[in-house]
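Heads up, the next two complexes both have chain A, just with different partners, chain B and then chain C.
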Partner chain A sequence: MTFLTVVIRGLLRRPVRTCLTLAGISIGIAAVVALVGMSRGFEKGWQVGLKARGTDLVVSSRGGSLTPKPFNASIRDQIARLPGIAATCNLLVQVTSVEDSDLMILSAREWGGFSWSNLKLVTGRMPQSGEEQAVVLGQTAADILKKKVGDPIQIETAELKVVGIVKGGALVEDGSVIMSLALLQKILASPDQINAIDVRVTPGTNEKQLQILIQQIQRQVPEVRAVSVADHLSNSEGFRMVRAMTWGTSLLAVLVGVLGVMNTMLMTVFERTHEICVLLAVGWKRSRIIQMVLYESALLGFFGGVIGVTIGALGVRALGETPALRGLLQPDLGFPLLALSVLIAVAVGVFSGLYPAWRSSRLAPSQALQAG
Partner chain B sequence: MTRSFLFAATIAGSLIGSVVAQEPSPPPAMSAEALAAKLDAVGQGSAIVRTQMEIRTKEGGKHTFQLQIKQRRTKAGTDLVYLVLWPNDQKGKAVILHQKAGTAPSGSVIEPPHTVRALKESEMSEGLFDSDLAYRDAVENFFAWKKQALVGSEVVDRVNCQILESKPDSSSESIYGTVRSWIDPARLVPLRIEKYSPAGELIRRIETDRVARDDRQQSIPAGLVVHGPRKNTVTQFNGASIKHDVEFSDADFTPDSVFR
Partner chain C sequence: MIPPSSSAVPLLEAEGLTRAFDDGQVQALRGVDFSIQEGEFIAITGPSGCGKSTLLQLLGLLDQPTSGTLLYRGDSLPALRDPAAYRASEIGFIFQAFHLLPTFTAAENVQIPMFGTGRSLSERRERAAELLKLVGLEDRSDHFPSKLSGGERQRVAIARSLANEPALLLADEPTGNLDSKNAHLILDLIVRLQQEHGRTMVMVTHDPSIAERAGRILHMMDGKVVSDKPSPRTGS
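== the complex of A and B ==
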C-alpha cells in the first residue's frame, strides 16, 4: 500500500462526509470565481471601452466615481493648450433609468469629437447633427430597451428617435445610449456642463511622458483629476468599494470552507486514533503522520477547488444568459483567476489541516490499546 | 430589481462612493420637535424630480412609469404635479395635488388630451397612478404636525435610527392616527416610515432602499419601496435626478401647465 493510497483511503472512509466537505469548499471557491470574475470582467470591459474610443487619459472631477460631478466645459480649453495633447472630447455620462430599464448609461459626446469614431454602425445611421433629436444605441442597450431603428425613446423629459444601432467594441459602449452632448445638455437644462474629457495624446508618447502630462494637467487645473486609462477604474472609489466587497464576500464563503475542512479532518483524526497509533507503533514517524493528514486536507482542497471553479464558471455563464442579465455580464474567467482559485482551495485545505495534523502527531502508540 | 447585482452594485457604489466615504458624524441629540422641524426644513423648497416608478405584483408582473415631479413645499403648503413621461400610452397623464397648512389635501387628475377631473376627498387615499402610494401620502407633510415624540431607537440597515412619532392634532387634516419614522439623525433621512390608522392598524410602510446626495449635497432618499394596504403589489421609486431651486409660479401647478 503506497502512502497516497493511505491518504485516499482516509478520505473514502466516510464518503458522505467527504462529499459534504467538498461541497462546502466548492461553494466558497465558486463564489470567488463568480464574484471576482464578474468584477474583473466589468473592469476590463470599461477599460476596453476607453481604449476602443482611442482615449489615453480621462479627465474628470475629483471625487472618484464612474459618473463624477459635472464641471464647466471651458476646462477643456485649458487642457487642450498643453503640449503633447493631440485631441480632446467633452463628455457627459449619466447612469440613470430609461423607460423600464432601471440602470442605463447615457453617454453624451461632443459632436464631431473623436469619441464617436470607434462606433461601427450595425444598422440605421448616425445622427446628422449635434442638434438632431436622435440617439444611437449600443447593441446591448437596444436589446435591453427592446428598441429598433425608428423607435421613439424617452430620455428624461424628451422623446428622441433611435436612428441607429452601433457596435462599440466593448461592453460599456455596447450597453450605452449614445447621443450628442449638446442635446443632452439641452434636455437636462445644463448648458456647458460636462463630467469627463477624453484625451488623446500625441502618438509616440511613452508611459513616463504620459505621467508628466498628467502632472501638468493637475497643475494647470487643480479642480480636476487626470488618470491614464489603465488607472481610471483603479482610482474609482466606487469600484474600489465593489472590489473590496467582492473579495470580502468571497473570503467569507472561503472561511466557511475552512471550517468545514477543519471539522472533517478533526473528526478523521479522532475516529482514526487507533489506526494512527498503530502506524506510530509500527515505526511511522510523527512527521509522516502530519504529512498524511495535510495531504488529505490538501487533496480535499484541490478537488473542492476544481469542482468550485467548474461550478463558478458554468454558473456565471448561465447567469449571463438569463433575460435580466443578458449582455450585462462579460466575466473575465481567464486561466490566472481559475488557477488562483484552485490554489486558494489547496491553501485552505492545508491551513485547515494544520491543527488536526498537530493533534494527530501528539498521539502516543500506547493509545492504540485504549482506542482499540 | 432586474439588474445584475454586480452591475447595480458597481454603479450604485460608484454613485454613492463618496457618500459612503464621507459619512457625516452624528449630530448632538435633539428633541422630537427640533428633529421634526429640521426634517420639515430639509423637505422645503422647489424642485423638479425625475423618477422611475415600478408597480410589481406578487405574480411577477410589473408596470413601469417614468415620472416628472414638480414640487413646491413651503410652510404655507405644498403643491405638486406628477406627470407621466413614459409609457407612451399613458404619456401626458398627470396628477396635481395641493395642501395648504391645516387644511385637507385637494387635487385633480388630468387625462390627455384635455380631461380634468377633480379628486374627491374620499379618493385621496387611492393610489397615485394606481400605485401603493396614496395621493395624500405624496402631499401630506407629517413632519410639520405639532405633536411629535421620540419613542425609541432601532437599527435599520446598520444605521442607528431615532423613531419619531408624529400625530395629527386638530389643526392637521389626516386620515392617519400615527406616523412613525425611523430617522438617520446624521443624514436627516427617514429610512422607514410606517403610517397607522387611528385604530392603530398599519396601513402603509415606506422603506428607503437607497440614499444619495442631491444637487445641494444633502442626503435624500433616492430609492423607496412602498407597501400599501393592497397585499399583492409593491411599488418601487427609483430616483434618477433632482434639480432644486427651480422658479415656479402658481400657474405651474394648474392643468393648463400640463396641457402646455
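== the complex of A and C ==
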C-alpha cells in the first residue's frame, strides 16, 4: 500500500460526497473554460478578420462598443493626407438581424477599397458596381441564412440579390454579409455615414513608426481613435467589459468551488477525528497528517479540474455550433487555457485544504482513544 | 521501587507523575513512581477510574503529564523533540477497542505504522504478511475489519503494534471487549509474544487472573500505585 492509496481510500470513504464535491468544482472550472474560451475566441475571430483584410490600423469613433458609433466620411480625407499611409477604406459595420438570423455581421465596404481585395470567390461573381443591388456572402453566413447564388435577401428595408459566395480567410469574414458602402448608406438613408476606416500603412513601417502615426491621427482628428489591429480589441471597451465580466464570473465560480472543497474537507476531518488519532498513536507525524489532507483536497481539485475542462470545452464547441453563434465564435481552447484551468482547480483544492489540514494536525492523540 | 535485582539503566522510569484534567478538578494521577526494566512483563490493576489508562497514555506519549518526570533509557520523555518518532519506533499500543482503521484491510492496517520509517513498499508488504502469520491470520489479510471477529481484530491490532519492532508494548485491557474464549486466545498470544522475544510489556487489566500471567503486578488506587510486587504465580 502506498501513501497515494491511503489518500484515495480517504476520498472513496464517502463516494457520494466526493462525487458531489467533484461536481461542484468541475462546474466552476467548466464555467471558467467556457467563458474565457468564448470571449477569447470572439476576440481572435475579429482580429484574424482584420488581418485578412490587409489592415494595419483601424480608425473608429471613441468610446465604441462592439460596433462603434457612426461618423462623417470626410474624416477619411484628413487621415489619408498624413505621410506613411498607403491606403484607406471606409466601412460601415453593423451587427444586426438579417432575415431569420438575429446576429449577423453586415460589413459595408467602400467600393473599390482594398478591403474587398482579399475576398476569394467560391461561386457566383462579385457585384458589378457600387450601385448594383447585390451582396456577397461569406460561406458561413450563406449556411446560416440558407442562401445560394441568385437568392433574394432582405437587408433592412431593401430587397437585394445574392450574387456570390466568398471566402475571406477569417471567421468574421466568413460569417458576414458583405456589400457596397454606398448601397447600404442609401438603404439606411444616411449618406456619408461610416463607423470605421481600415488603414493600410506603407510597407516596411515598424511598430514604433506605427505608434507615431497613431498619435498623429489622434492629433489631427480628436473625435476618433486609431489603434493598430493588434491592440484594437484589447482597447475596445466592449471587449474590455466582456473580459472583466468573464473573469469576474470565473472568480465567483472558483470561489464556490473553494467553499465546496473546504466544507468537504472539514467534514472529512471532523468525522475522521478517531482515525487521525489512531494514525498519530501509531507514530504518524503531524506533517504526514497534514500532507494526507492536502493531497486529498488537491486530488479533488485535480479530478474536478479535468472533468470541468472536458465539460467546458465540449460545451463551448456545442455553443459555437448553434445557429445563433455560428460564424461569430471560434472557441479558443488552446492547451494553455486548459492546463491553466486544471492548475487553478488544483490550487483551489490545496488552498481549501489548508484550514482543514491545520485543524486535523491540532488533534491530541489521546482525545479519541479512551477505551470504549 | 526499582527491583533490587537490576542495576542497568531502566527502560522507563516515572517519578512523581501527575495528571490533572479540567483545570485541576479531576486528579487522574497523583504522583506515580515506578520503573520498568527491559524484558519485564508488568500488569497494572485497580478499580475503574483509578488512572490506569491515563498512566498508559503518558508512557506512550499520547498525552503529557501535568508534572513529574518520565525517563526513557535515561532521557527525559515529555521534552522529547520528536514524539511521533518515539511512538512509531519505540512503542506498540494495543487498545481495548482495537482501533483498527475501517477503510483498510488487515494487511493494510498492519502497514500503516510503517510509513515514514524508510521501509520500501515491498518490505512493508512482506513484513505485514509475516506479522499476520505470526498472529495466525495469514488467510485474512485482505479482509476489512468489519468482516473480522472481535478476536481476529485484536490479533490484527497486535500485529500492527509489532510493525516497527517496538521496545515497549502497551496494552490497555486488550481482552476487555472479548468473550472468555477469545480473551484466552489473545492473552496466550500476548504471553507468547512477550516470552519468545523477551519483549517489555505493560498491560492494564482489572481481572486478577489475567494479571497473574505477568511477572510483576502494580496495583493502583485513586491515582497512585499502592502496591508493586512480583506475581504470585511466577514468584521471585
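Here is the rule we use: the second predicted complex is superposed on the first by the 360 of 372 C-alpha atoms of A that agree within 3 Å, B and C clash if a C-alpha of one lies under 4 Å from a C-alpha of the other, contacts with A are read in each partner's own complex, and residues count from 1 in each chain.
As a working rule, contacts are C-beta pairs under 8 Å (C-beta built on N, C-alpha and C of every residue); 3 or more make two chains touch, one makes a residue touch a chain.
Computed from a prediction, not measured in an experiment: that's the story for all the values here.
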Superposed partners chain B and chain C on chain A - clash or fit: fit
First, second, both or neither for A:M38, with chain B first and chain C second: first
Touched partner set for A:L106, first chain B, second chain C, both or neither: neither
Touching partner for A:C89 - first (chain B), second (chain C), both, neither: neither
Partner chain in contact with A:E156 - chain B first, chain C second, else both or neither: first
Vertex chain A angle, Cα centres of chain C and chain B, expressed to the nearest 10 degrees: 120
First, second, both or neither for A:I217, with chain B first and chain C second: neither
Contacts of A:L57 with chain B and chain C, given as first, second, both or neither: neither
Which of chain B and chain C A:S97 touches, first, second, both or neither: first
Minimal inter-chain CA distance - chain C and chain B, angstrom: 47
Interface residues of chain A shared between complexes with chain B and chain C: none
Parts of chain A lying in touch with chain C, wherever the complex brings them together: 1-3, 5-6, 9-10, 12-13, 274-275, 278-286, 288, 364-366, 369-372
Residues of chain B defined as touching chain A within the complex: 1-4, 6-11, 13-18, 20-21, 50-52, 54, 62, 64, 66, 68, 85-88, 238, 240-241, 243
Touch list for chain A against partner chain B, complex: 35, 38-39, 42, 63-67, 95-100, 102-103, 152, 154, 156-157, 188-189, 236-242, 245-246, 319, 324-325, 328-329
Contacting residues of chain C [partner chain A, same complex]: 53, 57, 60, 62-63, 82, 84-89, 91, 93, 95-97, 99-104, 107-108, 111-113, 115-116, 121, 124-125, 160, 163-164, 172-173, 176
